[in-house]
Amino acid sequence: MSFPLLTATALVPAVGAIVTAAVPAARRAVAKTLALVFSLITLALAAIVFVRFEPGGDRYQLTESHAWIADFGVRYELGVDGIGVALIALTALLIPFVILAGWNDAEPQETGSSRWRPTQGFFALILMVEAMVILSFEATDVFLFYILFEAMLIPMYFLIGGFGDRAHSGSDQNAAAQRSYAAVKFLLYNLVGGLIMLAAVIGLYVVAGSFSLTEIAEARASGELEMATNTERLLFLGFFFAFAIKAPLWPLHTWLPNAMGEATAPVAVLITAVVDKVGTFAMLRFCLQLFPEASQWATPVILVLALISIVYGALLAVGQRDIKRLIAYASISHFGFIVLGIFAMTSQGQSGATLYMVNHGISTAALMLVAGFLISRRGSRLIADYGGVQKVAPVLAGTFLIGGLATLSLPGLAPFVSEFLVLVGTFARYPVAGIIATSGIVLAALYTLVLYQRTMTGPVKPEVKSMPDLKARELAVVAPLIALLIFLGVFPKPLTEIINPAVEHTMSDVQKKDPRPEVEAAQ
Amino acid sequence: MTGLTTLTTLAANTTSTGEAVQFWILGTVAVIGALCTVLMKRAVHSALCLAATMIILAVFYLANGAYFLGVVQIVVYTGAIMMLFLFVVMLVGVTAADSLKETLKGQRWLAALCGLGFGVLLITGIANASLKNFNGLGAANTAHGGNIEGIAALLFTKYVFAFEITGALLITAAVGAMVLTHRERTERARTQRELAEQRVREGRQLPPLPAPGVYARHNAVDIAGLLPDGTPSELTVSRTLRERGQIRDVSTQALEDLKALERRSEDRLGREGHGGPALPGDRNDSGRDGNDSGRDRGGSGHDQDDCGHDQNDSGRDRDEEEAHR
Amino acid sequence: MENLIALLVAAPLLGAAVLLCGGRRLDRSGHWLGTVLAAASFVIGVVLFLDMLGRSADDRALHQHLFSWIPVEGFQADIAFQLDQLSMTFVLLITGVGTLIHVYSIAYMEHDERRRRFFGYLNLFLAAMLLLVIADNYLLLYFGWEGVGLASYLLIGFWQHKPSAATAAKKAFLVNRVGDIGLSIAIMLMFTTFGTFAFGPVLSSVGETGEGTLTAIGLMLLLAACGKSAQVPLQSWLGDAMEGPTPVSALIHAATMVTAGVYLIVRSGAIFNAAPNAQLAVVVVGAVTLLFGAIVGCAKDDIKKALAGSTMSQIGYMILAAGLGPIGYVFAIMHLVTHGFFKAGLFLGAGSVMHGMNDEVDMRKYGGLRTYMPVTFVTFGLGYLAIIGFPGLSGFFSKDKIIESAFAKGGAEGWILGGVALLGAAITAFYMTRVMLMTFFGEKRWQPDAEGQPPHPHESPKSMTIPMVILAFGSVFAGGFFSIGDRFLNWLEPVTGYDHGHAPISAATVTGATVVVLLIGVFLAWAMYGRRPVPVTAPRGSLLTRAARRDLLQDDFNHVVLVRGGEHLTRSLVYVDHTLVDGVVNGTAASVGGLSGRLRKLQNGYARSYAVSMFGGTAVLIAVTLLMRAV
Amino acid sequence: MSPVNYLYLAALLFTIGAVGVLIRRNAIVVFMCIELMLNACNLALVAFSRMHGNLDGQIIAFFTMVVAAAEVVVGLAIIVSLFRSRHSASVDDASLMKL
């Protein structure tokens, strides 16, 4: 019985959450520091996982398995493949920055009584989310995954509803009402999905007689477990629906802009960069692995939805007046790319999609956090309220621009690699879809540059004249992310080489081969 | 003893004609009693009807060979519980009757419907349940030499735990009742001075409440005193009476005084009491001299006023209903 | 030796990194660092060039494989370089002109407090452009391709406080992105067809696939080239790009970046050779742009915009030549190089003029400057002669060759193309003469600037004039040097291939015709602008003139169709998203709410009605049980 | 006559009691009706015990009585305190179930 590394990785932040929450009201600084320390420990553990994982080894490594609810064959089963490792690394990496970025976002208002401890709560909730997300990336037991999938909504709900963005978005005066609306919408939306998924989970148990992903997958592969076509399709839809909401895929996306608009920037990052990844991750791990035939059956529709998401999200991003909502719609567009890559069923597409999850996490984090810094300075989320920031705060503008360029996936920055892989992978099997998706890169440039132009360039608005440039803490948040973006943009090998084997497994699950090139060029 | 033996050899499949007769008569009465319990307007009457039903049930118990239960039924239920009921009814107010007017729309119809359906279903259920060949209680009752011994044997062996627990339950109930009804006096009783000051502060009714109307030939606390403009003032009657609506109107009093006067004048004129509207006073007044008739009239007034204020009871009920709607 | 290749890119990249991250402490020394690193890159280029000359013509190409960039199953993209004669030509042009313009900028940007960043961007551009030309596969080329796009975005919008500059930068990037779609789709097509997109394997195995695929790839590459090289229909950004500082216009939007499209086509020659339809498209685009740019150039009063028009038209020549296939590749590149010299020189001259005239750009407010800034006048004049193809100067050789090869294409096609090329030459002569006259001749039409300061023109400092002089040398002698004994042809031929075609008319006739039309153009211009005084405020002009002033209404078209349409589309989509998509969701929520509201009425709080429901429930249960028993 | 009649009677009484509970507003009367229902059950139990010839039924009936007693005590106490606070023994008045 070796050291339960995966459990530890998820347990540390959980413990951290409890400890942080227990800090007395007056000692806010202590709480923050504790939270940061715990998140860093988690990062260290995640790094160990990353190193200990052998790309060439078994599909699931560092596995743990303990009986949990024996009567239903529910087991506490953990294990990571390359995809999981990558995403765990992403999560563990982002949380410290999120915490650092939200350092002063949850100070108690004057109105709060002495027993009211928002700061502690804020950081505790963030750590709780981290714990659940990491564990959900590790869970190889469907039921365990389902529970985490649902449970992570609760802290998110409080993070969105409890710690909204103080900056007004112009259209709404009663921010609190907007915020609770967004929070409730987020919760209900995802709960509906979870409900349907629960039905599918139970159905799966009835059909397969087990919750263990590995067992079922083996049984499916070896043909022991035959599913009636319709059963499989229904189960697939049940799972996919929940993941499509989480991802979010058009037309189930409308909760995201509200949530991201109302939440503070760090929480918005948490939503789009970390939590939503569970949805796309689950598509890869559960939908494809458990229901290969059904996945292929549904592919055309899903591809269309993904394409709509790409174009639609980008177009709406262009039309936004609110910085954070704009980024939200951009994310919808990017999730479209991820889904496209997953269901293109080519190894380039799927590697690209997995890589995209990581890169999108980093790039959105960078962009959104800088946007958060910007908004906190001016106290407004409206693009129209800015102008000429570049003159007064060049570093802020520069980082913002780099974040934006990453969002429009400029070569040399990480997202380009993944986006191009997705496009190539899609094009190889579905040329038309590939071309449509490619047209998305123009729109991406459009909304990014329009945003940059309206906020950063032009004559300096009187309101922003006295705007300070990035402080040391903020720079400490953004600089590493940007460095990472550049590094992964030029040298993504460390990630790809752990992702590729996992993708090969998935490809063999769906019994798909990459389309061979027309001519074997003389290498 | 013979009765006992006859009862112990209680018929199984069918019963003696005597029992049948008893069943049909008492059963009808019991049902009527139950219906009255439900339908009677005043709680008191309901309680009495219920008591009747329970006694009948006691008899049935006996008839079924449950001697102990029969007695317990009489002693505990009819004796203790029903008396408790009556006590509470009194406490709450004898005539605080609630009308049978329904305040919830359609409630009564629903209730009736459900009741009907329920009853029918239950009875059909019993009907097509296979309840044939019975073995009577004889053996069981005689096993330990009698019903009571039999019960005791079971109670202290098989059901001893349940028995103990019911004991605990009873104690809890007793304590609970005490806790619920006992009102701790949290603040010190206010002195007369404080009361006076409070009255001054509230600024209403500074002087003591006016006395009820007292007449030369009749003093009754339930007659409202007249205000200078001749209208009766509710204040003059004690609160309890007001609660119960047992206030007599001076006008009625005056009216019957007038009638009494007329009648006496008729006496004088030697026409013996015949013809003319029969006045309430008549029967107990006939052949008395007028001196002490006033009090009697007062008494007769009472009877009369009962129905009188019954009317204005229902009047109050109507008001209540207005309030409810 | 091949290990030096990476240094070509590394040096300016390092400069960019240091200058952009360095912070204020580099403000005073930064520009020197930038210039030195650019020069270093040039030196490395020269070293490699000499080494290359030392080897025989057929094994001159150098390869360097750094590391595997995107290793995914069945998809290999490497960071690897290939330095052959074609790349080498570009390397020398880029680093050479680049270094000169660095020097020039030191003085030109002296009074700008963000000079350090300017040099950072310039270095970034150099790095990206070098990466573009020495990449050994299309994806890496794409990397550099977007990199130069970024650099040009940053430099066009360098004076971001000017909304016009910011808009122009955005426009340039967006239009280029449209082209990038073409490039990325082309790469995807290559991947699906050949399973790779490295130059070697793709170009060598062209023969094994159908013409249809190759045509598609070719057209996509052409689209990319149109975007980057400002060819019709994606030319609209170049004019606005003049919002950037003049050195930028000289380096990026005249000498190097805009010629990347030509490089792409010539590099992909094998594909185009096998896809005649694609080639036809290329020549058409080239011819159209050639005239388009020339016409626009005639009407512009803004000196830089006029030069931009000419750039467009000159690149049209190159594209045209590149579209001719092996006949024209070499001359396309040759014209590209000479054009690099004289157009850069012209822009620097224009910059020098603006420098002296309070940044005035309207030629109608110039006039008679030749005496005030002699050096500028001379260098600009030489550049002028070169571009109009005055016999003996660079432009003459390169352009003449292109016209010849256009005729040599043969058939009606050849005649048409040749005619167009000749016409273009005439118009070029016309508008360049116009620029020349309006700027340096005639009477003074100077206007006081915004602060009411009357301009006091003066010669620019040495660090500005020296580069101009060097470029002037280039624009005088480069053409001759290349053409005498076909040096350039022999140099490039192993890479691009060459065939003579079959000229219907002798080279001499063509040359003669060229000179004639040239003289006609010059004369017309002199007649219009040299003889009579030039009005300070532009006359209304003919319909064509007015259209030309507005870039032949291209922008208006874009504005109406794309911008407006796009705005309406997005706005309506936002509405749809809010009412329809979200409306369905909220509608569901509302209906649930309403239902619960109705059910709530059952909870009237009266214990007895609850009791009724319980009682009824019991009854129902009994009924159910009985029924179950019954059946 | 068969002892089953006792069951019919019990059912009848029970129903009447139930209806009473539903239609009366006076808490005390409601209580009485509940007692009536309990008694009906007892009757049924006794009848059963006679039919099956063992005393368990009676035992249960006995327990019912005890519990009923306890329940009445508490219930009436509640009614009294309710009446104290609200001067009414109506069930509807005590409708605190709805906010």
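For reference, chains read A, B, C and D in written order, and residue numbers begin at 1 within each chain.
To be clear about the criterion, contacts are C-beta pairs under 8 Å (C-beta built on N, C-alpha and C of every residue); 3 or more make two chains touch, one makes a residue touch a chain.
From a predicted model like this one, the values you see are computed outputs, not experimental measurements.
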Is the number of contacting C-beta pairs greater for B-C or for B-D?
-> B-D
By Cα-centroid distance to the whole-protein Cα centroid, the innermost chain is A
Whole-angstrom distance, CA centroid of chain B to CA centroid of chain C, is 105
Note: chain B sits from chain A at a C-alpha centroid distance in Å of 73
When the C-alpha atoms of chain A and chain D are each averaged to a single point, how far apart are the two points in Å?
-> 62
Could you tell me the distance, in whole angstrom, between the mean C-alpha positions of chain B and chain D?
-> 17
So chain D residues touching two or more other chains come to 18, 22-23, 25, 92
Residues of chain B touching at least two other chains | 104, 107, 110-111, 114-115, 118, 122
All pairs of touching chains, please: list them by chain label.
-> A-C, B-C, B-D, C-D
Listed in rising order, the residues of chain A that touch chain C in the complex are 185, 188-189, 250-251, 253-254, 312, 315-316, 318-320, 347-348, 351-352, 388, 390-391, 394, 398, 405, 410-412, 416-417, 420-421, 423-424, 427-428, 431, 434-435, 438-439, 441-442, 445-446, 449-450, 453, 456-460, 490-493, 496-497, 500, 503-504, 514-523
For chain C, which residues count as touching chain A in their complex?
-> 20, 67-75, 79, 117, 139, 142-143, 145-147, 150, 153, 157, 160-163, 165-167, 169-170, 173-174, 177-178, 180-181, 184-185, 187-189, 191-196, 201-202, 204-205, 208-209, 213, 566, 569-571, 573-574, 577, 581-582, 584-585, 589
Which residues of chain B touch chain C in the complex?
-> 104, 107, 110-111, 113-115, 117-118, 121-122, 124-125, 128
Complex contacts: residues of chain D adjacent to chain B | 1-9, 11-20, 22-26, 28-29, 31-33, 35-36, 39, 42-43, 46-47, 49-56, 58-59, 61-63, 65-74, 76-81, 83-84, 87-90, 92
Quick one: which bits of chain D touch chain C in the complex? Just the residue numbers, please.
-> 18, 21-23, 25, 91-92, 94-98
